[in-house]
Each structure stands twice: as C-alpha cells, then as structure tokens.
Amino acid sequence: MGQGNPEAAMDASSDEPVIALDLPPADPLSPETEAYFAKCREKLGLVPNVLTAYAFDEAKLTAFSTFYNDLMLGPSGLSKLEREMIAVVVSCVNRCFYCLVAHGAAVRTLSGDPALGEALAMNYRAARLSPRHRAMLDFAWLLAEAPHRVEEPDRARLREVGFSDRDIWDIAAVASFFSMSNRIASATDMRPNAEYHAAGR
Amino acid sequence: MGQGNPEAAMDASSDEPVIALDLPPADPLSPETEAYFAKCREKLGLVPNVLTAYAFDEAKLTAFSTFYNDLMLGPSGLSKLEREMIAVVVSCVNRCFYCLVAHGAAVRTLSGDPALGEALAMNYRAARLSPRHRAMLDFAWLLAEAPHRVEEPDRARLREVGFSDRDIWDIAAVASFFSMSNRIASATDMRPNAEYHAAGR
Amino acid sequence: MGQGNPEAAMDASSDEPVIALDLPPADPLSPETEAYFAKCREKLGLVPNVLTAYAFDEAKLTAFSTFYNDLMLGPSGLSKLEREMIAVVVSCVNRCFYCLVAHGAAVRTLSGDPALGEALAMNYRAARLSPRHRAMLDFAWLLAEAPHRVEEPDRARLREVGFSDRDIWDIAAVASFFSMSNRIASATDMRPNAEYHAAGR
Amino acid sequence: MGQGNPEAAMDASSDEPVIALDLPPADPLSPETEAYFAKCREKLGLVPNVLTAYAFDEAKLTAFSTFYNDLMLGPSGLSKLEREMIAVVVSCVNRCFYCLVAHGAAVRTLSGDPALGEALAMNYRAARLSPRHRAMLDFAWLLAEAPHRVEEPDRARLREVGFSDRDIWDIAAVASFFSMSNRIASATDMRPNAEYHAAGR
Amino acid sequence: MGQGNPEAAMDASSDEPVIALDLPPADPLSPETEAYFAKCREKLGLVPNVLTAYAFDEAKLTAFSTFYNDLMLGPSGLSKLEREMIAVVVSCVNRCFYCLVAHGAAVRTLSGDPALGEALAMNYRAARLSPRHRAMLDFAWLLAEAPHRVEEPDRARLREVGFSDRDIWDIAAVASFFSMSNRIASATDMRPNAEYHAAGR
Amino acid sequence: MGQGNPEAAMDASSDEPVIALDLPPADPLSPETEAYFAKCREKLGLVPNVLTAYAFDEAKLTAFSTFYNDLMLGPSGLSKLEREMIAVVVSCVNRCFYCLVAHGAAVRTLSGDPALGEALAMNYRAARLSPRHRAMLDFAWLLAEAPHRVEEPDRARLREVGFSDRDIWDIAAVASFFSMSNRIASATDMRPNAEYHAAGR
C-alpha cells in the first residue's frame, strides 16, 4: 500500500492515502484543476477523494468529472435526489464503502431525511417509497445485479409509472455509472472523506 | 420499442433501431459530431451503434467518447489489445450481447487470433494465456463479478507479474468501464452493428 | 398491514406500527414486562422495537430476551463491542434494515468510532481491523452466507489468532443468533426506533 | 478437534465427541439439567446432542431449551408436524446435516410418512403438499435463502391460504430459529444422535 | 399431468404416473425390454422408474441403459460404491429428489453404512471421508456446481491422492452423467420407486 | 497435461492433445470406429474432438455416440436446428468453450444466420425469437441453471406455445445432455476442432 509514501494522494482529513495505489497527483496541479478543486471546497466543503485519486492524470480527471457532472447535475427528468437515490441503491448491491458513504450523505442532505439515506444504503425494500421511486429503484437494482436479465417488461414497468424514454436512459445511465465507480473504488480501496459520515444526520 | 418510429436512431446496416428507447438523434447533428462520425466511418468502416445511440444528446455523446477514447486509446502500460481483452472478459461475466460482439471483433482483429476472441468471449479460463494476461483477466473477472471481495492480495498478484500501480489503475478502470457500458447496452437492448460478426474471422 | 389498527404494537417515536403483523401487545403488560421496559428506557433511552414486537406474547418475550441477554451481555471471552461487530456484519450479509440500524448504533456508541460502524454495516473488508477481528468477522460472514461450507480449517484460523474453543462457540452463537433475528425482522418488516439513526455519530 | 479428549461432550451412541470444540459439560450437571436430560431419555429415548453440546454452560442450555420448547412445543396455530416441516425445509436450504437428520426423523415420526420426510429434506417442491403447506414452505424457503427479499406480497400469500397474523409470526419464528440452529450445528460440526437415522422409516 | 391417464407410465408401487408427461410405454414392450425389466426385478426387486419412464421409446431406453450400465457397472478404477457416492453428491448439489432417493439407497446398501448415505445426500462435508474420497467428491461437487471453474489444479488434486488419468475421466463422466439425469428427473417430476425409502436402513 | 505425450489423443488441426488427460486412443481403432470416423470426415469434414477423446475406450465411444445420435439426429418434434439452439443456450449457462464453439457453428450453419448463433452463445434474451423458441430456451436455461426449481407451470408454458409432451421430453433431454457434455468438456479441458471457428460465418 501507499502508506508512508510522501508523494501519494493523501486524504486531507486523515493521514491515510486516498487509494491503495502509489499514484501521486500531478505536481503542480494545473490552474484548471486548482480552480475546480477550489470550487469543490467552496460548494461541498471538501474535495471528494475520488477526484484527488484521479488527479494523478489530469486528462482522466477532466474526462471523469465532465462525464459525472453531465450525468448527476445536468438537465434530466430525474431530480438530483433521485439520481443520488439510484447511486446509493446500486452501491448497496455492490457493497461499496466509498460510494455508500459519499452518496448516502448526499441522499440525507438533499432529502433532509436521514432515515431514507440509511434505508437505501441498507435495503431499499424497507424504505417507504412512492410507486415511481420503487419502480426506479427496482430497475436500478436489477440492472446492477443481473444486467443480462433486463428486458422489455422491465422498461415497460418504468413507463407505467410515468417515466419517459429519456428518463429511462437516465435511470440506466446513472445505475450503470455507479456500477463502474463502485468498482474503481473497490479495486483501489478508495477511502471516503471523513466529513461525509456526519453530514445530514 | 421504437420499431417503426421514423425518428428513432437507426442501425445503418438493418431496419432496426439501435436501442429500444425512442431517442432520435439530434437533427441536424452538429458539425463536430458529423466530423467525428465521418472519422469513425473512415477508420472503422462504420459508426458504432453505441455512438449513434448517444447522439440524441451531443453533450452526453462528447462526454462518453472523450472518456472512452482516453481509456481505450490513450497512453497506458496496457496495449490496446490488452484493454480489449479486459473488455471482452468483463462482457462475458455480464453476458452482454452488444459488447461481446463489438469488442470480440476488436480482439480478433488486433490479435489476428480468432480463436482467442472466441475463448475470451466464452470462458477465458479455456484460453492459453501468459501469466501476465491470466492475472490481468483474473482481476478483471473478480472485479466485474464480486467487487466487494477485491482486496490487497488481489492487487499484489498483479504486481507479482510485473504490473505497475498505474497499470493496476488502468486494468481496474477498463474493467469498471465495461461494467458500466455492458449495463447501458443491456438496459436499452442495444444492437451491435452487423459488420462486427464477420470481422477478424 | 397494521396501519390504523388501534391495538397494533406502535413505535413510540412515530405513527407506525413496529411490525407489519396485527399482533397487539398483551394488555395490560405484566408487572415483570413493565419493569423490564422501564429498565430499557432508563438504560437505553428507549424500548427496542423488537421487544415491543414480542410483547404480544410475554412467554416469547421472556424467552427471547433471556436468550439475547445471556448471549450479548453475559460472560464471554468476546467483549460486548466484538459481539456487536459480529451482529452488524451478519446483518450486512442479510441486508437487514432493522438490525443494521440498531446494532450499527451500538458499534458506533461502544467503539466511539462512527466510521467503524459504517464500514461494518457496508463492507467489513473496507475497515481497518486487527488480525483478531478480521478472522472473527471472516468466520461470521462465511457462517452467515454459506454455513454448509464451514469446516475445521475455518475453526483453526480462529484458534491461530488466539480464540479459545469457548470463544469460537460464542462467535458462532452470536453470528447464528443474528441469522435468526435478521429473518424475524425481515419477515415482519420490523421498523427500527428512530433514535438509533443519530446515536453515536 | 476434541477427539480423544476425556472431558469433551460425548455422543452416547458412539465414540465421537458431539462437536468439534473442546467444551466439556458442567461436572456435575445441576439437578435441574439431570432431570431435564432424564425426561428427554424417557420421552425421546435419547438426549439430543444439541443439548449435550450446550451443557458446557447451563445458563445457555436453559435459555436455549426454554426458547426452543416455547417455539416448537408451545401453543400455536401451527401443528407440531408443521413446525417440524419448516425446520426440515430450512435445514435443506442450509444443507445442515445435524438438523436434517434430527428433524427429518421428527417429520417421519409425526407424519407417519417416511417419503414426506425424505422429500422435505431433499427438495420440498417434489412433495405432494396442500396449498396451505406449499405456501408455508415457500415462505420458509424464501426467508431462509434471501431474507432481504421478503415483502408484503409474501405475507399476503400466507393470509390467502388461511394463516392468521399470529400464524405468520410463528412460521417466521420457526424458519428463523432453524436459520440459527443450522449455523450453530455447522459451525461446530455437530453430530446427530445415531438413533435418528432409523427412526420413523 | 398424466394423473388418471390409463396409458401413462405408472409406478408399480403406487397409483401415480412415474413422470408428469403423458408418454405411455411401448405396448407391447419388445421381448428385449421385457427381458431387461425381468432382470431388473430379479436383481433389484423392482424396475427403476427411470427405465419405466424411458419405455415410451425403446431406442432411447436402450441407448440410456447401455450408456448407464457401462458407466456405473463397467470396468473402472472406481468401485461401484464410489460411483454411487459421486451420484449422490451431484444429486445433492442439484437437490434432485428422484436421484437422491434412488442412489442414496444404493450407497446405503453397497456401503452397509446408512449414516454415510444420509451424510452424502445432505452435505458430504459432514461425512468422515478418506482423503481419496474427499478429493473425489470435492471435484464432483465443483464440476456439478460451477463447471466453468474447473482447471488443471483441480485435476492435479485428484492425481495427488492417487487417481490415474483414466480414473479422473471416470469421476468426471459419472459426475457429468448425474448432472444430466438429475435434470431429466427434475424436468419431468420423476417419482422414485417407493421401495428405495426403506432400503439399506 | 498430456502435451508432448506421443500417445495422447491429438487434435488433427493442431499440435495440442484434445484433452488434458493422458488417454491415448485404442490402437488400432476397430474397423467400426474407423468407419464411423471416416463417415464423420465425409459428412462434417472432421472428426469432432469429443469423439477422438472418447476413442480411448471404444465401448464408451459407441455408447456415447449412439446416445448422442438418437437425441440430436433421431426422430423428434424438434428440428435439428432447434436441438442445436438448446445445446448452445445450455452451454452458455455453463460457459463451456468446447460446446459453444462446436454447437455455435452448428446453429450458424443450420440456420444460415451467423448473428443468431452469436446471440444464443452470448445471451439468448438478446435474440429475436418466436414465442415457441423463446419458451423452449427459457425452459432450457432454467433447467440448466436451477433444475430444482422446475415445476408444472414451467411445463405448462411449453404446452401453451404448442409443444407436445413428447416434445417436452426432447427439450428436457437435450438440455440435460448438454449439462452433461459441458461438464465432460470442462473437466478435461477439451479443445474444439479449429475448423469450427470459421464455419457458417
């Protein structure tokens, strides 16, 4: 592991490297990355460790954050909370520590309902959900767990509760994205920022 | 499904829409997208249907293709063939028709070894692989199948056959990416371009 | 469900019945049960909903609480925290909302380490554990997930990190107990007391 | 293992210790335990090895047997045979040698139908069951195998064949109990009394 | 189902058809089949229901019984008991009622050890086995459960306990055969002859 | 492995032995086997490696090929293509390299539709199938994956799309046969003839 390596990407709130690979950040960071990280600190109070991890290669960092920001913050028939709910349920399928901590905090904060964040992180079937949200999360769970089993009736169930085809794309895209980022985090033993644990409680 | 919808994104080699969602491409396509698709036709002889599918939203198309091109074609300690090998093995875990067809063709073409493409698409354990490739694909399989079980000894096995920490990031990133794209394809019933079936046989 | 049933066992912190079965508590409660519940309120600040649920039959309540108290609070080579750690990890295998909330709170409170409670509830492999605790939780996970696969080498691994045969019994007994109580909770849609969510953060 | 240890808890019908842990019974047994074991010998012709195993700690033995006797022999809308049927089906899910042998014998004896005991131990779907029993065992199987998937429609199916909410509690409690005792048995390599094999054939 | 069909293949010891398909036996049976069934009655005391089931097409019956007899009764480095042990363990993986009953009886009878038959049918890991038999049954279990994971080290483990390459073929062939016959039985709801239940107890 | 053994059964199109066991063919082959192999070469252009593998024991070879030929080439309500479709889908469940290559080629050749062969080998749910073929392959998949779950409603679904009870037997028998042959191939690392890769493209 990278522990003790003076150049490793470090978690600002602990002594620990953010991932178990020795991939020190670009040094110096480009002005664009500095500006982006400053904006994160301003808006979120921290630089998410996934971005610190990606900073070893700024082309990758930009590609990842552009892709992420379009998906999670761009225009969509899904609210930002709904996209975070999908993130948490997929991360529950994959038992991803990093993403459950970071996106569980987002669900708690955006919803103002800490118990909802807990339920989605533990077993969304125990949450009290609208039919729209239940259908959305059933689709996300199935896609995360057994993508080869998804078929037309699964899409039909989403249309029945009012989702458009564009919404279905977005549900699929968010669930698929976290199927990716859960694995990047698990593959590298990515550590969540300590601040997330208390957020939105 | 979108069959019969005159605006749906259509597969150029068939009468079928490329996905089972009614998401017609931007019309007209921007000059940048037209240029990118022309380059695809020139280099690959076709526009991959995944790009046609994404063309309903050019911001998403650009974000996806930038992310993809950095990952699969950018500088890396992994050869392009090795990255395609990972793509195929992850797609085998997920039984993804679109990606097995498209990236199976890439492995056959880049390797000049049709039987290798078949073996990786069916069961990589039956392929005759170097220790380096076996370790790389074991990691990719595990990460695709059970990401919550990946731990330090799995990374150590990659280092033992000579992979650097940067290489490990790339193996993880490629395996994770196809864990995403397999799901986008399965969620939308994405159809592979017919040309892939015969390529590299 | 029991919603709206005036006699159903109700969660004191919400309008919701504690389980999805119409099983009103004994009325009046016996003096012994009243005394036991008063003691819970004094020590824990609440009557755990699992006890409220069991109060429909005081013989069952007594049998359950006697069994539980011996196991979790009685003399053992395992500390109370260690027993709660096993409870949380088994509940993670079974994705049990009630037990993850209630015993996650216990781990946070007893350990003074909120992040430890989160990690055990999400994926104990991501926690920083001593070899003793890792072996203990590996055994608990395996026993919860695939009991038919437990064999002598699994017991041997516990002895190697210093557990006695009596300790092994206790590890097995606690992991087995939560394999039971997770299922009672899931079968009845048992709701955790709201107070647990904020405890020990 | 405890083989050869003169103090280990021994199976009366063999030379083998009853479990693979060196946990000798209390010596002497208390008069209460002696009386309980005498009653077992009188009624069953043997002391079940699970009780011999627990005799290393008489507080645990009493807690366990009180809990068990209430559940399996106490008042219930389920007959004793029905409770044993659930025990066997759950033990089949968990492939628990001890419980399949001991409770398979109980089903054969209580039902007078050896083939029923066999079918439940091997695959209850192959048994000729009433709709009541089929629904009861479907619920038990699901709860044993995937407790996080149990939801209101599963309880509704039990009500449809006539089970009351109290019956549903009992079905859940018995299935959950054997999810526990299967694991105690598997964790300790508990050996069934030899007499069970021929009983009720 | 075939119940009540006067032409269905009937179990001689019950009123039930042997399978849930209306496939009456050839009528009259050929002299060769009559002779074969007479020999079964003489040697086994019954005509196994699998043969009665196959009698709707005597070409299939002959092909099946020839294949079976070579495999289970022909020359081999494996004893007949060892082949039956594999049959039972594979049938346990597949939870096949017909084969567990029929071949469990064979293990009890050939071994003179009823508890061995029970243990192999329930969980072979609980049986007291020689290293040779443990390795043989580990291979059979893995091949039945996850054939795509079998590799050279699995064959090497068989050679280490003394099996020849010809023995390995036979272990594989028997385990594979019951992976087939378990499925024919389950697909058709095949009923075992009642006589098996009491045999060898 | 058998590599380099001058007597091992060799693949005619490569330097590799056909299986990873040292089981040289009968030498000389009997006139019957010679004639059978000559007929294979005439009709198929090759001797399938599974037959070369079996040639170490001509009684086994004859039993296997008789059983196979009745099943796959004999009279049936299923066309030869339909039987090959089942073979490929079962081999996909089991991720069997040998059978996917050999029977994938058969589907491509018999159907004249290379993309159909690919889809069945990768994920039959992505193929455009008639209701008859979808029901047939759903049954085959379930029987291959979880035989203990097959019940009367599964047979009923086949009857609903027009299959007779005899057809159901044949569907079950073919799916079961490949559950066997997939395992013989995986257990022995059987190599497919190289000619299959290009056939029917």
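A few remarks follow.
Labels for the chains are A, B, C, D, E and F, by order of writing; each one numbers its residues from 1.
In this text, contacts are C-beta pairs under 8 Å (C-beta built on N, C-alpha and C of every residue); 3 or more make two chains touch, one makes a residue touch a chain.
Computed from a predicted structure; not experimentally measured.
Under the contact definition stated at the top, the chains bordering both subunit D and subunit F are A, E. In terms of residue-numbered contacts, B-F and D-E present the same interface, as over half of their contact pairs agree; the other options in D-E, B-C or A-F do not.
Note on interfaces A-B and B-E: more C-beta pairs are in contact across A-B.
Centroids built from CA atoms put subunit C at 29 Å from subunit A. Taking each chain's centre as the mean of its C-alpha atoms, subunit C lies 22 Å from subunit D. Computed from the mean C-alpha positions, the centre of subunit A lies at a distance of 44 Å from the centre of subunit D.
The set of subunit A residues touching two or more other chains comprises 95-96, 123, 148, 151, 189. Interchain contacts give a graph that is no line, ring or star and is not complete, per the touch definition above.
Those chain pairs judged to touch are A-B, A-C, A-D, A-F, B-C, B-E, B-F, C-D, C-E, D-E, D-F, E-F.
On the side of subunit E, the complex with subunit B involves touching residues 148-149, 151. Those residues of subunit F that touch subunit E in the shared complex are 1-2, 20-23, 56, 59-60, 63-64, 66-67, 70-71, 74, 94-96, 139, 143-144, 147-148, 150-152, 155, 165-166, 168-169, 171-173, 175-177, 179-184, 186-189.
By the touch criterion stated above, subunit C contacts subunit B in their complex at residues 123, 125. The touching residues of subunit B, counted against subunit F in their complex, run 92, 95-98, 100-101, 114-115, 118-119, 121-123, 126, 189, 194, 197-198, 201.
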